[in-house]
Amino acid sequence: MSRICLFPGTFDPVTLGHIDIINRSLGLFDKLVIGIGKNANKAPMFPDELRLEWLKQIYKDEPRVDAIIYEGLTANCCKKIGATFILRGIRYVSDFEYEKAIADMNRSLDPTIETIFLTCLPQFTSVASTLVRDVLRNGGNVAQFLPEVVLLSLKDSEKKPITKNVISKDLKKSFN
Amino acid sequence: MSRICLFPGTFDPVTLGHIDIINRSLGLFDKLVIGIGKNANKAPMFPDELRLEWLKQIYKDEPRVDAIIYEGLTANCCKKIGATFILRGIRYVSDFEYEKAIADMNRSLDPTIETIFLTCLPQFTSVASTLVRDVLRNGGNVAQFLPEVVLLSLKDSEKKPITKNVISKDLKKSFN
Amino acid sequence: MSRICLFPGTFDPVTLGHIDIINRSLGLFDKLVIGIGKNANKAPMFPDELRLEWLKQIYKDEPRVDAIIYEGLTANCCKKIGATFILRGIRYVSDFEYEKAIADMNRSLDPTIETIFLTCLPQFTSVASTLVRDVLRNGGNVAQFLPEVVLLSLKDSEKKPITKNVISKDLKKSFN
Amino acid sequence: MSRICLFPGTFDPVTLGHIDIINRSLGLFDKLVIGIGKNANKAPMFPDELRLEWLKQIYKDEPRVDAIIYEGLTANCCKKIGATFILRGIRYVSDFEYEKAIADMNRSLDPTIETIFLTCLPQFTSVASTLVRDVLRNGGNVAQFLPEVVLLSLKDSEKKPITKNVISKDLKKSFN
Amino acid sequence: MSRICLFPGTFDPVTLGHIDIINRSLGLFDKLVIGIGKNANKAPMFPDELRLEWLKQIYKDEPRVDAIIYEGLTANCCKKIGATFILRGIRYVSDFEYEKAIADMNRSLDPTIETIFLTCLPQFTSVASTLVRDVLRNGGNVAQFLPEVVLLSLKDSEKKPITKNVISKDLKKSFN
Amino acid sequence: MSRICLFPGTFDPVTLGHIDIINRSLGLFDKLVIGIGKNANKAPMFPDELRLEWLKQIYKDEPRVDAIIYEGLTANCCKKIGATFILRGIRYVSDFEYEKAIADMNRSLDPTIETIFLTCLPQFTSVASTLVRDVLRNGGNVAQFLPEVVLLSLKDSEKKPITKNVISKDLKKSFN
């Protein structure tokens, strides 16, 4: 029986912190599926398809990693793709409490699902997508927080803006 | 002098975690009033009246428990109903800090009010209304988190939808 | 049925923070028994009997409050004195986690026991006995942290030292 | 070289907790600039200009303190005003984690910026602007949480309402 | 390449909480070695050999689980047994911070070692060995916290005491 | 008036985390005095004089930094050296709560003393002296956690052991 794991998240955008967690988990699983959860309530900064494309490109040479977009309960997504593990990175104490509540809930919904927690390198601990988006919106330099695939894609987008949420003239300043 | 206590909250919906806290508190007070706070900023999933009805039905044979809807400051509601105690359940560390700040604020507004904290059974610790609503919205099975009165009411609502926030076709799946 | 509560602790020494919690709880219970737990592993700064005497003197005019010394499990002490409630003050987040674990354990040992948590006034939040003992040992001024009964007793002890743990020549400096 | 510090925040409204932090910091810096950050996503209760006026009036006799409104990254604001320090007050554990993540991010954006944390007096720990706004909206008494300049200004506003978010008839009740 | 994992701890005694974590981890690893760490500073309640025997007996029919006693750095023990994973259960927020610091340290000492965190069922969250030992010492009922193998072994020990730390006459009361 | 600050601690041994905090604070103070607190209850791994020597040597070219050994209350030490500031680094949430209680206590003892909190670089967050001592005792490699002055001194000590707590044959392995 192969070990299939779902790594659910928003990845808006995927950061070096996420990449660190994913790479560390590869020794544990035979297949890791990165699941971009659609959230009806929150408007993301970057479109779902772009976030999917970024993840697929980053792992194009790693056959064990796949990326999908999913809707609805994470536990249901696990069933659909045959995953019995959920991967989550924990950075902060407040993260941990929320993550534990979600893990308990998922275990209640489907007792065959186990949530695995990993911690990233200390230098990535504060690289939260929320903070990165804030820097991006204000034209700050994000080169040290994001994978090269994302950085190049964002540079390209200065010519043809990808999303209305990003003020393009500020974005230009972000990559000097 | 009788001991009257207000248990303020949103109860959107009331969960087995709330019921556990309420039942545990009954040895302490002569009268417990469950107060559904109206919050202008947050749109609840279930209408105020339905939430009130659920609570009233659950405790219809317990004369010490009553339920009301209130607006404005919790401290003012206490004064109106003659309560000198506020009851709060604490599940998580992050809950505790927020609850303590609110309790300090209420004590500042009215020094005669004392906030009492209880903890629920460990198995109910992760049964937060927020998570339950999320499962409900996505058609997951909520039978293990909610009182029977609420479950039956939700089953009924499949025929005649109670609220626009709940996508009724998903709700159907929640009670198989 | 009267509401009897045990307030277990070390009270080494009793501080204004303890007094604040005790006084706030008096509206809740018909009888509050302050239980000085004997701990074989920790050597207290002040002898059990002195700590008991302090508490008895502070509450000599309050018939609802009593103080005892007890050994063994707190749950057993509750049974012996007919208490169905345990009172605990919580100051900090780290307190809360430990207190919740103890409360869960006591509930496992005896499901009829309920632990009640209160918070003290913000100004007493940092008045931990450990810190007060440290100030005492180093001859600092403790007048703002301790009840008058304790302060007077400590002043007296300069002439006839009460405990070997307290270096008497430093203690003298503590009450200028 | 003089020590210039930015104290960024929303100050909606400025509370006695903020004032306590500011006054404590004055021994550390030659110049403290209070920066009211414009946040496109959150609608404040009080207009930027009013919040600025309050701060300027409170510190009109203290030449070391200035107040400004700024947009964009806090790190950029520091550069503009020549500040190499950022001041933040921490009240709660959950505050601390968020503040540390922001401080790490600011240090990544500009390694010459150092974030300094102070704690206020325990009695101001629960005086959060969010809670104060809630009391204000519901006509509660806020006299013990706000500086006199703000209290007087709010009393005046009963005649000529300053902001649509504040329901003026409730505000009247807040200052008896 | 097989996935070998070390589960380091004191297991003084092994509880149902430990067993829950171990059983949940079996889907992740090909081999799980439970490592009883010898700690020169702390005197355990039960002898190393007894704790080892308990673990070996509990898992005598599970070839994937082994138990050993080790001294020195956990990272060195991993190297010796060929483990590239360390397993830790996290129950509380304060656990998590300490565990993260240890995990960071182990990663610094040997970058090929990854620490995996699991959470146990909510009902086992408060079953800490420290609390169980306290109940045991005071003759309380521990049947709901410990595996049957341990319970039987402790009952036997009433006739022939296993350790001086356990007061045998109290132990008798623990198994009614 | 010059800004004098005391940085109290045990420094057993001083780590790169301490050094990071000290260096960051130098922009704030005219004089920083590192105070090695003598603690009657805890036996340090390294003698006071050695720890003092290490600090003095590390900062021998920085006239703003001095190091002393002190006994008794930290607030009294501040008075003696004319310091009105206490510096503390905070790494973890649990650190913060304890540090805040100590800071409140020091402010109660002497209202002219202000405690300043700084955070170190994320990569030093887990470099606690306790963990470093544990690695040292077990012969692990500590080169990445300690200043060069300390590393050289420890290497020297292989020939002539400095302290009984350190098992010299293990120490040899620590510096390959």
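Here are some notes:
Order of writing sets the labels: A, B, C, D, E and F. Residues in every chain begin at 1.
By definition in this document, a residue touches a chain if its C-beta (ideal position, glycine included) is under 8 Å from a C-beta of that chain, and two chains touch if they have at least 3 such contacts.
What you see is a predicted model; the values in this text were computed from it and never measured.
When the contact pairs of C-D are set against those of E-F, B-C or B-E, over half line up by residue number only for B-E.
If you average the CA atoms of chain A and of chain D, the two centres end up 34 Å from each other. Mean C-alpha positions place chain A and chain F at a centre distance of 39 Å. For chain A, residues touching at least two other chains, in rising order: 93-94, 97, 100, 104, 122, 125-126. Chain pairs that touch, as defined above: A-B, A-D, A-E, A-F, B-C, B-D, B-E, C-D, C-E, C-F, D-F, E-F.
Within the complex, the chain E residues that touch chain F are 72-73, 75-76, 93-94, 97-98, 100-102, 104-105, 108-109.
Considering their complex, residues 93, 122-123, 125-126 of chain D touch chain C. Across the complex, chain C is touched by residues 3, 24, 27-28, 84-85, 90, 93, 96-97, 100, 103-104, 107, 114-119, 121-122 of chain B. Within the complex formed with chain B, the residues of chain D that make contact are 92-94, 125-126, 128, 131, 134-135, 138-141, 144-145.
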